[in-house]
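What follows is chain A paired twice: with chain B in the first complex and chain C in the second.
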Partner chain A sequence: MEFGPHLILALLEGSVTAAVLALTAAGLAIVFGMLRVVNVAHGEFFMLGAVFAWFVTSGLSELANVPPAPAFLCALIVAPIATGAVAALADRLVLSRIGYDPERTIVATIGLLYVLQQLTLMTYGPEARPVEAPFNTRIALPWFEQGSDGWALYWPWGFGTTSYKLFVIGAAAGLLIILWLLLRHTRLGLVMRATQQDRDMASAFGIRVNRVYAMVFGLGAALAALGAVLVVPIQQAHYLMGGDPLLMSFIVVIIGGLGSVAGTVVAAIMIGLADGVVSVFFSATLAKIIATIAVALVLVFRPHGLFGRRSA
Partner chain B sequence: MMLRVESIDVGYGTAQVLYGLSFSAQPGQITCLLGRNGAGKTTTLHALMGLLPLMAGEIRLGSTTISGLAAPDVVKQGIALVPQGRRLFGALSVAENIEIGLMASPKQGKTEHRRNRSRVLELFPRLKERLGQQASTLSGGEQQMLATARALCVEPQVLLLDEPTEGLQPSIAQQLRDVSRELARQGVAVVLVEQHLDTVLELADSAVLIESGRLVRTLSAEQLKNNPSLVTRHLGI
Partner chain C sequence: MVQPTSKSSDSSQGPATADTQATTPGSVSRRGALKTLVLGASSLAATGTLPGLGGYVQAQSAAPIRIGFQVHRTGIGAAYGRWYDRTSRAAVAKINAEGGINGRPVELIAEDDGTDPKRGAEVVEKFVNRHHCDVGFGTLFSHVVIGSSPRAGELKLPYFVVSEGHHVASGKLNRYTLQPGITDVRSQVQAMAPFVSSTLGKKVTMLYSDFAFGHDHRDFFTDAIAAQGGEVIATIPIPPTETAFTKYFPKIPRSTEVIYHVLVGPAVLTFVKEMGEFFGPSSPAIFGFIDSLEAVDIASPGLEFLEGSHFWEGHPRYAQADQSEYDKAYRKAVGVDENGASVSDSRDVSTYAHMFGCWETLHVIKAGMQACDYQGPADRAKLVEAVESIDKMPHSMEHPQGAKIFNGKTHQVFGHQYISKVEQSRLNLVHTTSIEDTFYPDEVDYTTRTL
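What follows is the complex of A and B.
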């Protein structure tokens, strides 16, 4: 295949990575931005989303013979809600009791990481299990070539994508727009932004800060779970799948600017596309190395991130 | 409704700041809390608002005991705070800051909110022209107006004002003094922390002198006017 189609393929793969990463990292950014909690268990909420998606789709398929598309739609609704509920419960039982103290929450979320991982191993097992995509039509893509009669369209062998991958990109974009609308144009978003700025004053104006915190922690986990449900038909659900999304989310959140959701999304697109291109042309390991070097450079030369605000 | 503070002890962790402080604030009157920096005036307001827990004592609004209530429950009882340094939600717009105040109002519903919003914007017409502007970009005077407007959205029975005229140009300070007087005339119990002697003498119906977290004495408006040197001494001027 020529370089042009090869590059387009790499960018398409990178777009899928970027879409899922943007959702997952947005969850981490919201939690850090509001609670100042470095949630080391965020990758496990991603994993829980995938595992819940497997339980929902396989359960509906085996017990009620539900076709893949409606079963997947159910998973897309149930898995983030269930994951968000687990996270909100963890917030009430653990984080709120240690007063969201930055150092202690790191240790607490490391503990949470292992609890969730081992509980999943005990109940779901060590196998990697697939979730059937709701649709997966192969879409061949055209390319141009200059012949003796000028430019002409042709269909290079192997140059294409699937309808599901395009759906993942579109769905993630749609969900991020919904998230933006929620934060900017709803009463709940207003309450969340006010609480983020001044916890005491929010409380003095009737806002139940602890409930907002539990909701935000749940929302952050639900976003990770949404990313996982979207990607699980491409990957597989496994109890150790949370490590990579956690590392990549931290990289993206630091590059984007700690707590900046918009910066996180832009950084996710940059890192995701770069990951796709480097993985296709070189290797996936090199892509991770480059991302890690990028985050180190950002930490040295621009510690508040590319889009974050310098702290006073 | 009368606010009654009875022998309260308040502190931050183990560091006690207030020792058995007692006073009352009558509806329709302005009660000034006077004292040097660090005397415990702001701590008193924060304790009244439920932002700091009491170590001992009791706070009552009418016949209801409000000590022990969390801040969101205190504001629902009709107590609102205009904090020192304004403490606006700086990244939110003027309209959004007002919306936060409206959410705390005991009267919910779209019509009530619209009426309430118009009422506070009539008091501070300059805010009406800046509804879409980010609060942190307002001038100091406009920020103080917004902090006051936000608290008035609660339709409070007791309004706690912490140095509202600090650092403001005289015309805006006068406007805020007029608003405080008008609120008291409407039956609100105003508790004012103030360092300017002129403001104290102009507004106070009674004054509570605090020194090192302890009540020194309570003065009527007449006693204040007859003993300005006493006030001066306790303000540390």
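What follows is the complex of A and C.
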């Protein structure tokens, strides 16, 4: 393939990765920023989102013959809420009882990771199952070349994308804007920020801090689930699918600045695009190596992350 | 460990029926048992399955023969593991219904290896030290076989793998590791090359799983297609845990005439779908190993572009017009319908091209144990020698995939290979290779190694 189309293809693939990663990592960043909890089970919430999406879409199409598009829309609403509910329950049953102690929460969320993974294996099973995309047309992209009679458009072999992949990029951008509005311009966002800044003072003002914590943990998980629902028509729902998003989310959150949602989104776009370009031109393994080295460099030279505040 | 007893189990030799009901041994009278034993011995001698077997003696014990079943219940091999499990249980039920082995019932002791080589070796140890198994059996993924086999050799546990990898016949493993129920990659790809070059094209790009199994494909197909005047113009390895594939496709050279794909892992459906999206309407010819779509419905949305493409199949997934009575009975025993899916859930597609290996291997273990009059772990070496001396395996209820020839020196079985074409989202058989097409010179003689 020629360089031009090759590069654009790489950037398109990278954008899809970046879009999903931004949503997932934003969830991790919010949880860390507000609760100071390093949520090792975050990847499993991603997986749960995909698995719930499969249950919703296949259930609707089987029981009520609902066509793929409305079934998917339904999954896009139900799966994140269900995942968020599971997370909030885990917060109430486990994290709140160990007082959000940083070390103990790491161990607790590792345990949660295995519980969720094995429960999925026991109920949903070991298969990778597909969710049908609401729409999916292949869009062949043109390129130009200089022929004997000037510049002409042509359609290179394999140079294309699908309408659904473009939708994923757009939807993720839209959801991130909604998230920003939620955190900045709603009473809910205000309460969350107040609790983060001073838990005791917030409590004194009548905010039910425990409830806020459960909600934040649920919101973080729901964002991961949203990313998963968007990506599941491209990939498939599988009980081990949480590993990669977890690793990539941690990379992005560390580079972006622990707890900084804006930094996380910027880092996700950087890492996603770099991943796309490096893995298309070189190898997927090299892309992971580079991302991991980037984390090491950030930790050595800018431990608070590219966008994090020094106190963070 | 094994208690002497006067009781034996019921044995019904006759046209083998696929009965999934296991009978409880020890519930028959002594007279009935003796009668069936005599019948059994004479019918075995008559069919010639066990040449030169003079002393088919009465069982010394009614304690079960314990077969350690190393199964990929979790990890990337889980879909295979589930069907290996169902097939093995059906085979054991059949063997028990026919009187077990040497008058003793057979028991499967299943242990999950997580499709992980390190855990595989631990499972082998558990079979010997904790479960006191007579043999180990069932491993599929080649990295798990390569990780587990040395431990089986050290512990002198006969280890029957159902893996397809060339590692057994290559001489890399040991005398205690055998593959008598499924053919290996080298013979499979060698038998495919003439069809690919004469029917589909000469310039081939290979996309394969980046571990031992895929490397076997790469190495042996490259040689085999060169022998046919063709050429592999690019090789593209893909990690088996990969989930997104579009990034690999731009590396396919424009001059490619045939895409050869063989991928395993949970994301195979995504791989094939994204390949269709990448090429659109202008795709080269596509030849795949069904591994890329095992446990996946060919009629899944997004796979329409596979129409007209070809697949290697170890055993045709869809019941063909000339289906043998053995295939029919085997399907019924395992619980697979004529589309290769579970009879109880049509969306639960089997790994039909591979799982017959479990059925056949268990019957080889039975034949070997009967030939050497296996009594207990002390006879493990005798069992290896008995299996090594097996030669021809006729197309039968024991070998429903087809006739086979076992090479005792290389511990590898050889058999027919099938090529199917996708027509109206169904795999129709278009070519069957001979067993001779799959032969290659021996690379090892395990029988010269000490037991």
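Operating definition for what follows: the second predicted complex is superposed on the first by the 308 of 312 C-alpha atoms of A that agree within 3 Å, B and C clash if a C-alpha of one lies under 4 Å from a C-alpha of the other, contacts with A are read in each partner's own complex, and residues count from 1 in each chain.
The definition used in the following text is that contacts are C-beta pairs under 8 Å (C-beta built on N, C-alpha and C of every residue); 3 or more make two chains touch, one makes a residue touch a chain.
Treat the numbers as computed from the prediction; the structure is a model and nothing was measured.
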{"item": "Touched partner set for A:138, first chain B, second chain C, both or neither", "value": "second"}
{"item": "First, second, both or neither for A:284, with chain B first and chain C second", "value": "second"}
{"item": "Chain B versus chain C as contact partner of A:197, first or second or both or neither", "value": "first"}
{"item": "Touched partner set for A:10, first chain B, second chain C, both or neither", "value": "second"}
{"item": "Contacts of A:208 with chain B and chain C, given as first, second, both or neither", "value": "first"}
{"item": "Residue ranges of chain C in contact with chain A within the complex", "value": "73-76, 78-79, 81-82, 239, 242-244, 246-250, 252, 254, 266-270, 274, 277-280, 282, 295, 300-302"}
{"item": "Touching residues (chain side chain B, partner chain A) in the complex", "value": "49-51, 70-72, 74-76, 80-81, 83, 87, 89-92, 96, 99-101, 103-104, 150, 154"}
{"item": "Residue ranges of chain A in contact with chain C within the complex", "value": "1, 6, 9-10, 13, 17, 121, 125-128, 130, 132, 136, 138, 140, 157-158, 160, 162, 234-236, 238, 240-241, 244, 276, 279-280, 284-285"}
{"item": "Touching residues (chain side chain A, partner chain B) in the complex", "value": "187, 190-191, 193-194, 197-198, 200-208"}
